[in-house]
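Each of the next two complexes has chain A plus one more chain, namely chain B in the first and chain C in the second.
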Partner chain A sequence: MKPSAAARTLRWVAVAAIVAWSVGPVIIGVLTSLSSEVDVEAVPARWIPHHVSLAAYKALVLGANTSLGSTQADSHAFGQSVLSSLEVTVEATIVTMIVSILAGYGFSRLPFRGSKLLLWGVLATLVLPLFTLVVALFRLMVQLQLINTQLGLVLVYLSSSAPLAIWLFYNYCREMPAEPEEAALIDGCTRFKAFRKVVLPQMRSGIAAVTAIVMLLVYGQFLIPLLLGSSPSTKPVTVLITEFVGKYTTNYPLLAAGGVIALVPPTLVALLLNRHIRGMLSGSTG
Partner chain B sequence: MTGAALDEAAAPRVPDRRPPRQGRLALTLRRESTWLGWWFVAPAVIVTVALVVYPLVLGFETSIHAQAPTLTAPSKLVGAANYSDVLKDPNTVSATLHTLTYVGIALALEIGGGLAIAVVLHRAFRGRGIVLAILIMPWALPSVVSGVLWQRIFAPDNGLLNSILVNLHIIHQPEVWMANGWAIPFITLVHVWGVLPLVALILLAGLQSIPDEVYSASAVDGANAVRQFWHITLPLLRPALAVAITVGLVQAITIFDEIYVLNGTALNTASVLMQVYNSAFVDADFAHGTALAFLVALATGVFAVISLLASRRSTV
Partner chain C sequence: MGGIVLESVRKEFAGGVVAVNDINLEVEEGEFVALVGPSGCGKTTTLRMVAGLEDITAGTVSINDRVVTNTPPRHRDIAMVFQNYALYAHMTVRRNIGFGLKMAGVPKDEINRRVEYAANVLGIVPLLDRKPKQLSGGERQRVAMGRAMVREPAAFLMDEPLSNLDAKLRVEMRAEIVNLQRRLATPTLYVTHDQVEAMTMGDRVAILRDGELQQVGTPEELYERPVNVFVATFIGSPAMNLLPGRMESDGGRSFLSVGNSRFPLSEAVLTKRQRLGEYDGREVLVGMRPEDFRAPDHGGADGTAVFRVNVVRAESLGSEVIAYFEPAGSNGTVAAASALSEQAAAQADSMQRLFTARLGRKANVRHDGPADLAVDHERLYFFDPESGEAIGEQS
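And then the complex of A and B:
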């Protein structure tokens, strides 16, 4: 059944609309970040800057507070926040992956009396909105003196992203063929050695997908670091850029440049692992 | 001896119903796995108890005590008083109405848009992989960054939307969008920008699980594309739709970041979570903030269970 010329044209229009909707705001952000102050203040608004300027990026990276109006851009603060974001994301992702690979495998392949109940107990926390815990976590972190520390943030990210990762790995392990592991056991491997040498390599693509999803989730956190990690040494870039939004006037090029820099890491992760991510996201729901 | 059992275990999606393994190997495995299983799941259980269950208990305790002047001061047990205070608070009422508006608009746009995207991307065409990769980009970005990217579009004075509408003579004066009735719809639009890819992917996976034969059979019976969509696609898509609605619902009820970036803690756009933030952290009243958070969690849980039950009934 061949689609008619009209149907093909219609589909291309629709596809173009999907692409425009998805990248439009990013392009507007990039154009804004390259605008000079004259461009953003022009009436009517200029979509494409007449005077391309890197002043906003220079202000963020070099701290040159040039002709950018009242917003203070402390270079050190911005660089530091990007670094903290990346650091905490990597740390939290590694810990989450270790905990949830073990749990996902254990719950699916090593069942014991009561393990189903325990599994559902852990997964039930998936439906629990994070903000029910935010106030209590804040008090807990203050008491443990983990407030405004990377360790505190990593622990909270671990508890908030592990249930989803465990659920994904649990399903993944159940659908994975069991023969290679059984063969290794028959050949005399211990259970743990079979897990390390046979099952882990077998889980490679699932691990790639969940790593990407957890990284994106953790990197995008806002409310948790706003409350638990807003000191200069732990403040992530998501919290810092909201400070560029002025109460009365906003320095749009600076704000947009901050946004553009902040979107680079997640964009790279999403592009590099997009096949894995898509498979996991749509598969996890069936 | 174990050949049949192994085949059974290898079959995807139904390993739960695999028959119990027999033979000496299986028996040793079972005995060994009892304590080994505990070791594998122990870290996850400890994390859940320490950082979810314990805070949950702490939070509940906070919500039934009067707010003490300091973190360590003793406070009086007041039972459900904080809960009834919160329910009577006019700010809670308006935040609830706002949240229902966010949820309604978001779900309508996400399900409508998601279905449209899924239908367009369902059939193979050249470049489909690239389009799918581009599609998930907004989902991958932090919601704060989405808010930042849309900021200038909704800016007052010479914002991009104002400029277009003034040029087209649709409005005469630039509007302050975040202060008028468009604030909530526009914030929802930014929210939808980030969630739509996920909803579209779920619905796309649902579409692709419908076998082609169903369509060819109905085509023979003389059904046209529109009738096929209403009478075949939509009913068979129900499980995927239920999941998509649950995901969209939970995300929209907990909307916070986009509001914070585009309009701060302002009351005219405050969602219930913004109200929790305002009362717990701006007014430093943990007791009432937590009580409200628990009420919202309860409502979210009830909604999620209802929509998941609806999906279960239709799949089995």
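And then the complex of A and C:
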């Protein structure tokens, strides 16, 4: 049955609203980053800049002295923060993937006494909001001398993102047919060899999807690095950008340009692995 | 003595569910044994215990004179073909077939030679560089066979390898598997739920029910001398008809009453089934195979039981006619059936609401009409209504 005209219209309106809601800020950000301060501060607001200006980007990337008013744009600090964002994200993702692939597979295929309880225990940590733990985490990190270190951040990200990843892999492995690895066991493999030679390749698309999910989660972290990693060498771009908000004035183009640059890595990840992410979220193991 | 030997093998799952109970089975060198039974009877569990994919609760499994009860699968020297083929999706056919050899450290040239040979035998040479995804069901089946045969193992284990194929291909592959097995002479344990497959492929057939082995024998033995009602009705298609009857003696002769017929049993039958004498004056369960019915001879020869029946439906298949009927006076049948043990009654009820006869294509039977059907006394099967055991098969 074809939907009625009213239903179709309603659907279009709903879709348009959702798209506007999610893409709108990005468009405004891009436009703002290309504006001059004059454009931004004009009253009434100018959504489309009169003069397209790349000054904000130049300031961030080249450290060029541009007419950006009173805000300091330290290109070195910006580059450093982008780099440390990427480093911590990649490190945390690799560690999280290793732990959660093995754990998810183990929980689903190699049950032992108490394994269900342990799994539920791990999953239960998902419901704890991270911010309720920051005070305790801060003291712990200080004691372990891991404050303001990449290792400290990686450990915290691992413990916060692994439960979700373990749960995803647990379900993924449960849906995966067991026979190929059993065939490998009969064909002469040890359990670990069968895992490496047959199970891992079978999990390829799941791994791609969870990698993307974990990367996006870690990359977008703000509160944790603000508290545990705000030294110049660990400060991620999410934290650095907030420093562009001055006490009396804010350089909006600079702020927006930083945001746009920071958007590039997650966008690339999402585009590259989009197919797998969709498959994972819709529950396919293909 | 090589082959596969199971001794008192038992499998109890967590929670106390007994999947397999005290199974003794031997697959001799070069032999093809089909393990058959309804779904959930424990046949796949049995196979997986032989493969080492399932722990054994009690008992021992030996392969090629070596006890392997606690040996990991990789050291059992077996090859297994799975129901869904279990091919390695990320490898080409060539690598799939050669994988076991590679794991065993066989040199590359030798692997190539053996893979090519297997592919030749199975007719899949053009597929060697494809991935499993690009193959049809029958082709995947062949690859799975290839993977098993290149290993030259001490035993083949097959878990319903044909059940995912369409009917025509299944019949073709049946013959191919049997030919291949004969050629390699590797002892083979073949699990299936399809009794036709079991009977046509197996040198011997083992029938399993609720985790218990019912009977092991050649297809002929199972067909001719089933040890109980279960085996009798499981083997043969359409299934054996079961009717309650009563043994009586009158003037030194033994009579059998079935439905509304009463006839003296021939001496030959009584000699062959001596324990039938113990049932004088008692109920028995009488089995008749659909293909043993025929039109009665004129004059009513001795040694033949003739039944008057109501044919409800007759289906002509060209080569034969399948008649579905109820014995005249079947009210008595229903009443008598309720006196049977619960198990036998359930069986009689579920399988035999209508009886079937396979008759020659010229049989003169009509829809919805009476007919006379004859069965030789020698072709009657007798079972104890309480236990379901065959009467007179054992001395």
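The rule we apply is simple: the second predicted complex is superposed on the first by the 259 of 286 C-alpha atoms of A that agree within 3 Å, B and C clash if a C-alpha of one lies under 4 Å from a C-alpha of the other, contacts with A are read in each partner's own complex, and residues count from 1 in each chain.
The definition used in the following text is that a contact is a pair of C-beta atoms (placed from the backbone, for glycine too) under 8 Å apart; a residue touches a chain by one contact, two chains touch by 3 or more.
Fair warning: this is a prediction, and the values are worked out from it, not measured in the lab.
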| item | value |
| --- | --- |
| Which superposed partner A:100 touches (first chain B, second chain C, both, neither) | first |
| Chain A residues touched by each partner, larger count belonging to chain B or chain C | B |
| Touching partner for A:269 - first (chain B), second (chain C), both, neither | first |
| Chain B versus chain C as contact partner of A:204, first or second or both or neither | second |
| First (chain B), second (chain C), both or neither touched by A:88 | neither |
| Touching partner for A:185 - first (chain B), second (chain C), both, neither | both |
| Touching partner for A:154 - first (chain B), second (chain C), both, neither | neither |
| Touching both chain C and chain B, counted on chain A across the two superposed complexes | 177, 179, 182, 185-186 |
| Interfacial residue positions of chain C with respect to chain A in the complex | 51-53, 72-74, 76, 78-80, 82-90, 99-100, 103-104, 147, 151 |
| Residue numbers on chain A that touch chain B, as the complex places them | 11, 14-15, 18-19, 21-23, 25-26, 28-29, 32, 40-45, 47, 98-100, 102-103, 105-113, 115, 118-119, 121-122, 125, 127-140, 142-143, 155-156, 158-159, 162-163, 166, 174-175, 177-179, 182, 185-186, 191-192, 216, 219-223, 227, 238-239, 241-242, 245, 247, 250, 252, 255-256, 258-259, 262-263, 266-267, 269-271, 274-275, 277-278, 281-283, 285-286 |
| Chain C-facing residues of chain A, complex | 177, 179-180, 182-190, 193, 197-198, 201-202, 204 |
| List of chain B residues in touch with chain A within their complex | 2, 6, 9-10, 12-13, 15-16, 25, 29, 32-41, 43-45, 47-48, 50-52, 54-56, 58-59, 62, 71, 116-117, 120-121, 125, 127, 129, 131-146, 148-153, 155, 157-160, 162-163, 166-167, 193, 197-198, 201-202, 204-206, 209, 239-240, 243, 247, 250, 253-254, 256-257, 260-261, 264, 273, 276-277, 280-281, 286, 289-290, 293-294, 296-297, 300-301, 304-305 |
